[in-house]
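To start, I am sharing the structure in question, which I have written as structure tokens.
The first chain written gets the first letter, and so on, giving A, B, C and D; residue counts start at 1 in each chain.
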Amino acid sequence: MEERIRASFARQGAMEMLGAELTRISHKLVEIELPFHQKLTQQHGFLHAGVISAALDTACSYAAYTVLEPDASLLTIEFKVNMMSPGRGERFLFRGEITKPGSTIIVADGRGYAIGDGPAKLIASMTSTLMVIRGRQDIRE
Amino acid sequence: MEERIRASFARQGAMEMLGAELTRISHKLVEIELPFHQKLTQQHGFLHAGVISAALDTACSYAAYTVLEPDASLLTIEFKVNMMSPGRGERFLFRGEITKPGSTIIVADGRGYAIGDGPAKLIASMTSTLMVIRGRQDIRE
Amino acid sequence: MEERIRASFARQGAMEMLGAELTRISHKLVEIELPFHQKLTQQHGFLHAGVISAALDTACSYAAYTVLEPDASLLTIEFKVNMMSPGRGERFLFRGEITKPGSTIIVADGRGYAIGDGPAKLIASMTSTLMVIRGRQDIRE
Amino acid sequence: MEERIRASFARQGAMEMLGAELTRISHKLVEIELPFHQKLTQQHGFLHAGVISAALDTACSYAAYTVLEPDASLLTIEFKVNMMSPGRGERFLFRGEITKPGSTIIVADGRGYAIGDGPAKLIASMTSTLMVIRGRQDIRE
């Protein structure tokens, strides 16, 4: 499963564009890290909410992949993101975890942190609803 | 106000990274367009949910800017995005509109479309909650 | 279909408890009305956010029922509600409409209004994600 | 603070209507319990999503009250609820906890459980955004 997730992550143009790295894959939990870059900012110079969403959505989705049968795939139906502190920092960590597994619907929660020398600072949270897809060739991994 | 929005948009590293263009600014309504590019994709080759979120968040925020007094600024508190169809197409349009103006909280709704030769196809919707900020130097425009 | 929706509404203990009435059923759109009552309040004497959610969820769900095949049913997977103005007034109207029909997932949007002598006042909005269920006896209508 | 929360809860017509009890108040965490009753149901006989929302919103709000200065009050700006399992059972517990305190915006998360003889079953989760209000007489506690 880890191999499949790594291969899938590598196919994501958006993750490459952001400079995101897949740093942890464990049962029901995936982490992605992202160094700060000026290209990732909104108008105040903080991490753009869309960049935060992209990283959290990816972490939540791959957390769900860790419990998926080999011939199934996933689509994000919807998510909600709360921005809690400005995305300021040199490096960011995004953790996605399954809250409720299911045969059709999986709910995952994610949290984003600015990490540095001191304690990690919570910058955002996500709740994501994913649908398990079987038998659709266009979205097979 | 239009000038201020254009200047703010130009400072968004993330919008430049995505290749997004600000194509319409009117009272309570802003549109952003985005040509498809492989760098914007998730693992199935569709537009990444984070890219859709970035464009919708920006359109919703600038829609709110159109009713903002000159010395105030805005922060996105939270948003919810529903992905309705795979982000497939050559070009995408994201429209943000104010649903409820307010002196402290502004609620905006956004819709994303794949546009081409035929009718536009709805691919996503957003509801976004924005907070009006006054007197904080670090987030002044 | 209208008959089926009316029969289903009548089985909702919660709608009876609230004093809600089903006042309009049309293609992809359902309205519910609710007179104010002290039992529906939160601590400031306004309509409780949970009451607003109940009415909007029901309006959105039945809007989705209007396009459902006879042997299918629906479950609310999730919703988001924005409270826009205090729920003050003598009577309230809640309208649910389908934004995106689908064979598995239906997205509906709802709006709640305080209605009286003057113009209706928008008090809340909902986006709701519903899943079409087939073949589960426990949730057949 | 506990006394103030109990007095505020007692003024909620909706909590009395539902038969809800305030069973735990601690720092940043509040629990509400609810016995099943036919009046609380949707059309399939399960707990109505609006009832779940009402209880979770109240638990999340009072969790936020536990860190509030005495002369301030709170308004729920918005929330998202995920329904994870049908609300089936004899008794339900709803726990709200502060995820991110703040001087203007407080984010709380809640979870709802069906409780009985066996292990508690997660039926729903909420993320709620609350705004701290100062100096508005109409919403003082």
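Rule of thumb we're sticking to: a contact is a pair of C-beta atoms (placed from the backbone, for glycine too) under 8 Å apart; a residue touches a chain by one contact, two chains touch by 3 or more.
What you see is a predicted model, and the numbers here were worked out from it, not measured in a lab.
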A-B or A-D - the one linked by more C-beta pairs in contact: A-B
Field: Furthest chain, CA centroid comparison against chain D
entry: B
Query: Centre to centre, by mean C-alpha position, how many angstrom separate chain A and chain D?
result: 28
Field: chain B and chain D: spacing of chain centres that average the CA atoms, whole Å
entry: 32
Statement: Taking each chain's centre as the mean of its CA atoms, chain A sits from chain B at a distance in Å of 20
- prompt: Which chain B residues sit where two or more other chains touch them?
  reply: 77-78, 80, 82, 129
Query: Along chain D, where are the residues that touch chain B in the complex?
result: 77-78, 80, 104-105, 129, 131
- prompt: Can you list the residues on chain A that touch chain D in the complex?
  reply: 80, 82, 84-85, 99-100, 102, 107, 109, 122, 125, 127, 129
- line: Within their complex, chain B touches chain A through residues 8-9, 11-14, 16-17, 37-45, 48-51, 53-55, 57-58, 73, 75-83, 86, 138-139, 141
